[in-house]
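In the two complexes below, chain A is the common chain; its partner is chain B in one and chain C in the other.
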Partner chain A sequence: MEWVEKSARFNNLALTVRARYRRLPFFGEPSHCTEIKVVLTLDGAERSIVRVAPFRYPKTPQSAEEEAKRAVRRFLRWLGFALADDTPQLIAELNAEYAFLPTNERSLPSLDCVAGLGGIHDVFEPFFYAFAFLLMAIQAWRNELGAEIEMSALRAQLGERLLQFAEQDADFVDLTPKEVSADGVSVR
Partner chain B sequence: MEYPCAEKGVRFGDLTVVVRAQWHRWPNSEPPGGTTEISVTLMRDGIDARIVKTAPFRKTDLPLRCLPHEAPRFAEAEAKRAVNVFLRWLGLALIDDVWQLLIELDDAYRFRPIEEVRELSSLEFLTNLRDVGSVMEPLLAVLTHLLCAIHVWRLQTDVEADATSMCVQLGEQLIAFAEQDGVRFADFTPKEVNANA
Partner chain C sequence: MVVKDRKVVKMGDLTLTIEGTWMTTWKDGMERGEETRVRIIIRWAGQKAWSVSFVADEGTLSPYAGGELARQYGAAMADRHARHFLRWLGLCFKDDACSLFNSLDSAYLFNPEYRQRPGAVDTCWRLARVGVIASTLAIVFNQLRAAVCKSFVFEAQNYKRYAPLGIFAIVGECLRNFANAGGKELDLAAAFVELAEKRLKEVSVGGVG
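And now, the complex of A and B:
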């Protein structure tokens, strides 16, 4: 199937998150994988950074497109929580997807724990690139603007907007703040 | 400069596992530091090819009081520690003691925030979780191969021994082996089967 994608922009950074669901060839049993791809492009740069990773190995989903959309939304949500520095929520969501921590309600064989942590490692490569580039773009934008905007408040605001965008049907969002308050400490 | 590596080998049935670690110094780093790399080699009797998985184990600074000529000793101790810790985690995973495994992984990589004790920013959390994830690849490879080797041994010997208790026994042997100094190889293939098998 084709890639499903959503894009976000922050200042001079364009971030595209793509996902596709596909059946893996050469397996006796039907086997499936949802792949995630991150494309990072800085304005004026000739090349983009592209990172691809397996997102998860689902059982046959009802719709390949829905599965791919879910992966893109999930990935953007995690980015939103990371930006907002909401670590507990990020852990809860990663654990729901990769089941690497036992909970009071769910015991976990150590094989699942080890495999879950390994699965997270795979998806973290594109995730880390996207997160690090967003942080750099935010810092660069603050420096260019010379504004005294508090970083944690700005990150929380952007994280919130990414979370909203993840749930929307829209394919693109520009996260660059359009207005800076007169005292230069907050944005809209 | 190449520092000495540490190595321990384990055998079960037709599977041989070699765990090796080596500390590499980063060039021109200040303070002087390096990465301990862990690698596992999986070999099956009669098969030419082998599986090799390598991962960074942990990053360490040289101790402040470490003189240049003492660096190889530090590197060797660090490598030995990595091999023993890896074997211990493998043992805990085989025993299925997931809580103890998580506690030890968390001690090493600090990827779980603890309320009012260890606050983690999302960047720290993500970095640390990624680090623990990278060492899981060789761990998962050895774990799954050992589980397969146990099942293969049961089928080949036609013994009705319970696979879970065999895993626990092997896990305990691995934990004990990890604590032994000076022993570099152990064969954990069961030598005797009791009368009721």
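And now, the complex of A and C:
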């Protein structure tokens, strides 16, 4: 199947998250996988930074396209929570996907715990690239502007917008703030 | 400077070598940092050995650098991380995910639940790091579990005798005891029989009492 994608732009950084569900060309478990691909392009350069990772090995989904869309949404949501520095929520979302947190209510086999944490490691390479580049782009934009913008407030707002974008049907969003309030706290 | 510490675990056809390596790292022609790596060499009898590894710790150079103290410090670090890995492996066998999770968390501080306002960058970095260790653990756990299942323990007569005690839990305890004792070589089959028989004796004494 083709890749499903959503793109976001922040100033000179274009971030595209793609996902596809596919059956792997060998027998045995797991024989299918959802892959995630992150493409980062700075200043519209011809060359991009591309990272691909297995997102997860799901149970056979109802529809390959739905599974790919869900992976893109989930990945963007993680980015949103990371941008907003909302780590408890980020961990909760990661746990919903990889089930690595043992709780009092749920007894978890050790192998599931380590396999879940290992799965996070696989998908974290593209995630880290995307997160780090977004942070750098935000910092660079703030320096260019020269205004006293409070970074944590800006990140929280951008995180919120990314979360909204993840849930929308739109394929593209420009996150670059158009206006900055006098106190430098809110942006639009 | 490179200091190594090796621990060997044998079970049937499988020999696991857990190798902790502490080394100084160089930048711009100067010794600036240190790194502890744990490598697990997996060797099945009659087959080519292969290995998996992870960086357990890294940082700026300790104040002991450059002398005999550095060697002692490096040896202690290599031993410490190899033992940590054995303990985690033991917890996998005991299927004690809570203790395993807490132990990994106290080593790498990746769960933000008990910390005040941890940054996302910090948490993500720590999670990614613990993920490498978890992947390695999963691989070694599966290999050793396969070795246990292929061993005499799972022969019908022995299985019947030891199964009520929880075979994998006893294997986990043997690994933990070995890690705590700081030994260099463990004959897991012998240690298993010794501990299982001791448990059986305790059970029968307890039953009579």
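Convention: the second predicted complex is superposed on the first by the 179 of 188 C-alpha atoms of A that agree within 3 Å, B and C clash if a C-alpha of one lies under 4 Å from a C-alpha of the other, contacts with A are read in each partner's own complex, and residues count from 1 in each chain.
The rule is simple: a residue touches a chain if its C-beta (ideal position, glycine included) is under 8 Å from a C-beta of that chain, and two chains touch if they have at least 3 such contacts.
Since the structure is predicted, the reported quantities are computational estimates derived from the model, not experimental observations.
Trainee: Look at where chain B and chain C land on chain A after superposing the complexes, then choose clash or fit.
Mentor: Superposition result for chain B and chain C: clash.
Trainee: I'd like to know which partner A:128 touches here: chain B for first, chain C for second, both or neither.
Mentor: A:128 contacts both chain B and chain C.
Trainee: Looking at A:120, would you say it contacts chain B, chain C, both, or neither? Reply first, second, both or neither.
Mentor: Both partners, chain B and chain C.
Trainee: Applying the touch criterion given at the start, work out whether A:65 contacts chain B, chain C, both or neither, answering first, second, both or neither.
Mentor: Neither: A:65 stays clear of chain B and chain C.
Trainee: So in the superposed three-chain picture, is A:5 touching just chain B, just chain C, both, or none of them (first/second/both/neither)?
Mentor: Neither chain B nor chain C is touched by A:5.
Trainee: Using the superposition on A, tell me which residues of chain A are in contact with chain B and, in the other complex, with chain C.
Mentor: Residues common to the chain A contacts of chain C and of chain B are 81-88, 90-91, 94, 101-102, 107-111, 113-115, 117-118, 120-122, 124, 127-128, 131, 135, listed in rising order.
Trainee: In the complex of these two chains, what residues of chain A are touching chain C?
Mentor: Going by the criterion above, the answer is residues 81-88, 90-91, 94, 100-102, 107-122, 124-125, 127-128, 131, 135.
Trainee: Any idea which chain C residues touch chain A in the complex?
Mentor: Answer in residue numbers: 91-98, 100-101, 104, 111-113, 117-121, 123-125, 127-128, 130-135, 137-138, 141-142.
Trainee: So in the complex, which bits of chain B are touching chain A?
Mentor: So the residues of chain B touching chain A come out as 92-99, 101-102, 105, 112-113, 120-123, 125-127, 129-130, 132-134, 136-137, 139-140, 143-144, 147.
Trainee: In the complex, go through chain A and note every residue touching chain B.
Mentor: Touch residues, chain A against chain B: 81-88, 90-91, 94, 101-102, 107-111, 113-115, 117-118, 120-122, 124, 127-128, 131, 135.
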